[in-house]
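Below are two complexes that have subunit A in common, paired first with subunit B and then with subunit C.
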Partner chain A sequence: MSVGEQAVMAAQPPGAETLSFQAADVTGTHCATVSDVQRALPAGAVAQSLASMWSLPQNVPWSLRNDSTGAFLEDDVPIGQQVGSEAEARLTVTPRTHLG
Partner chain B sequence: MSTSPNGTLALALRTKADGPVVLRESVTEGDLFDLYGEVWLAACLRKGHPGVPLDELRVRLVPVLEKGQDSVCLGLIIEGVGPDGATSRHVFPPAAFEDVAWRASQKLIRDGQLKSGDLYYYDVIVDRRPVAELAMRRQAAAPFTVTAKPTPLAYLTLPLAPLAERAEAIGDMGEPWSPVFYTRAALEKAERFARRGALAAHPVETGGVLVGPLCSCPDTGEFFLVVCDAIELLEAESTEYSLTYSGATWTHVQRTLGALQADPTTACYRILGQAHGHNFSPHFGEKKCEDCDQFATCTLTSVFPSVSDRRWTRAVFARQPWAVCHIFGLTARGGHAQALYGIRQGALAERGYYVLPDFAPAGPTPRVGVGGT
Partner chain C sequence: MPVPNMNLSEGLEALGFSRVPGADTWRHNGVSFAAEGAWGVLRTSAAVAGDPLAAQWGRAGLWKAVSVGMRHRRPARGASVGARGSRFRRIFELPLATVAEREGDADAGAAEGRAVSPFEAAIAWGLATLDGQCPPGWRAPARAEVEKHVPPGGLTMRSGAHARQGEVVADGGRLALRMAILAHLPAGLSECRLAWLRQLLLDAQDRWRLVRLAPVADAGDGPVEAEVDLTGAPPWLLDGLVPVAASALRHAVAWVVGPCAFLAHAVREPRALALCSGARDVARLACPAVSSARTPLLDKPAVPPLREGPAVPLSHKPERG
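Now for the complex of A and B:
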């Protein structure tokens, strides 16, 4: 486990094929700049990867929520189609589970 | 951070009590973080070291093997060494791994080896097989670059005794929990939000998030929290037995909290837990107990932490062992009942709390410290 600079795994060179955004979990315990994200990656896969990297429970599905609109990104749709090219998009990794 | 047993921890699942093992499910680092968090709370936060991040806690895992067994565990001991060199030792029973077992059971259901509602059985084991598969899965987890930003733990440095002197204790205070205080106004607000759903023609679950500061006592080193306000869950998806935060709900919560954090007097507020209403009869609509008249007090209530409540708490409050879950419900006679739950041994356990008439620390403004999670 580590904090600070995380390992870069199969990072892509910067360019039109990738995007960056600011990410946090719902309580702000984790915050990070996420870069070199392939636009074609499904948003749900990005959420799940971040949750895994932050050692969040893998028992629940995770989604990305756009802080500016409040809307959840569609898990199966490429993230590049749902996040603009602005570098300051803020997305929250949010559990898709419920109280009972 | 941790030293592990010779092997990896896993669960061995069986579909029959005396049947063969049908699945081994690895216990991941993420699965252990809640347990580490409890050790961190005891070894650092409650010992006057709230500035020590969870990541810096040194822990050692010691499986408690069944007598004569090479791999089956009666439980897991986690030892944490605080900055003062003292070791805090915690024993976690197999029940602390219920969520891992549930995850494994879902795989069995998908594979057709188990049906929803079927019983299954599990042991915590030390899996001494090679861990190459797990390592490969971890390597594939991050196809982009993540640069973490420091998220220091903000807390107030505040004497505990003056608060305790004027607080009313609610519930069982016997267990050595980290103290939780509510202001009376916040408690009433939380209950109002939780019970609002009971007013509907067909009662549903409603609630709010609990906010306030984390505090560290400079005299005793105790770590405690003060719930000073509640934020209602607007536009949540409510049913009789469930409550789902929508995107709009989270947005309202985060914007309201952001406004509080922008105010110097409430800059230390964070989400400390949640409250919600189980606005249904404990009989699920049936009549009262046959011998109801023989008891002065009705103890049959709808107040309990459900599996969903536990799972939600683990997800939202990962690495936050101080988090609380307050449930407001009904007795079988239609009266009100409530209980506060905290995280203990990987589960939600009922605990007591204190109610303050108000929270306005006397004297100089409390010092704000920063640590890290």
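Now for the complex of A and C:
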């Protein structure tokens, strides 16, 4: 992932905390260090933005999965509350699908 | 959308406005009022001096500068619009539905010992913030109280690869909804890119109701933000106005964030911007100080394509003529 793609995600209002993490798509085709993400952003919005940045299908509900715990992040909850202050959090953009 | 069924004349006349003969416009002390669709619009006749983005940024109320002919009516044919920079006028736009739904509500109006209609109280708010100052004695409600009026996700903007989270600013004499467009401008942006950025922000401010865009510092490195300032608003009005303001903010930022990120990107070389036709004009319009910059010309402007076309209930079309 280029520096440019990282910058696209960046948004830091004055005084707000931000976080950085390692992101990859579920196939491992794309990976990047994403920085300056607003902690107040819902995890679902971050997942959809990453999917859009990587030109993944937009008619799929994408979610973030924490690689260290295997748990999906809650889409509506701020990402900063779920990732915490881990310096090297690794998140995977994963389609939220139901198989039957 | 039709104008909500309200008696506008009564409230306006109580505030000292008088109707312009033969027109649905009222005037009072250099301020005019007109109902346009679902919006009530106050306009000043005085020209805005200096940077139209800086003129109202951070000041109290919904006032902002827009260009003549966009949402500010053109002056009569033959009338002078004044010197350079005077093509901007100030405007205060109020969604009339937010006051119409409170008509008859006893909580919505009592001032100076007499009952006032919600519409009159809302227009009085506009007049009270005409100078950009917080009305005396007004205090912002608690932030949590304001956030109750924001619908779920109402301050989350997502447009393509861009995601932004807005916030409620409630601090004593200040109440606003604010959203970052860019965290900071890279230092050393070229004059050409700064000029395009200014023009883009001016265009967004013209196009989207309620929303003000931050002035761009010449030196860069500051944030670029959008805001809707509700300082001085009657408390009962927030119930209806905050959701509209949040929606306006989301739409405006979604409209402008992609091109802004492109212009501010330090890696991509925007050679097309420097070469495009009209770059010199853009520089002159957006920042008179750089109008002397010599810019090579080509055939077509290179304004980056907008990635997403959100529904535009809060935008408007430029006035013809």
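The rule we apply is simple: the second predicted complex is superposed on the first by the 82 of 100 C-alpha atoms of A that agree within 3 Å, B and C clash if a C-alpha of one lies under 4 Å from a C-alpha of the other, contacts with A are read in each partner's own complex, and residues count from 1 in each chain.
The rule is simple: a residue touches a chain if its C-beta (ideal position, glycine included) is under 8 Å from a C-beta of that chain, and two chains touch if they have at least 3 such contacts.
Keep in mind that what you see is a predicted model, and the values were worked out from it rather than measured.
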| item | value |
| --- | --- |
| Which superposed partner A:Ser52 touches (first subunit B, second subunit C, both, neither) | both |
| Superposition-derived comparison: subunit B or subunit C, residues of subunit A touched | B |
| Which superposed partner A:Asp76 touches (first subunit B, second subunit C, both, neither) | second |
| First, second, both or neither for A:Pro42, with subunit B first and subunit C second | second |
| Interface residues of subunit A shared between complexes with subunit B and subunit C | 2-5, 7-12, 36-38, 41, 46, 49-50, 52-53 |
| Of subunit B, residues touching subunit A in the complex | 1, 28-31, 33, 53, 55, 99-100, 102-103, 139-151, 205, 207, 237, 241-245, 247-248, 250-251, 254, 270-271, 274, 276, 306-309, 311-312, 314-320, 372-373 |
| Touching residues on subunit C, where the partner in the complex is subunit A | 152-153, 156, 158, 160-165, 167, 178-184, 223, 225, 261, 265-268 |
| Subunit C-facing residues of subunit A, complex | 2-5, 7-14, 16, 36-38, 40-42, 45-46, 48-50, 52-53, 76, 78 |
| Residues of subunit A defined as touching subunit B within the complex | 1-12, 18, 23, 25-38, 41, 46, 49-50, 52-60, 65, 67, 69-72, 92, 94-95, 97-100 |
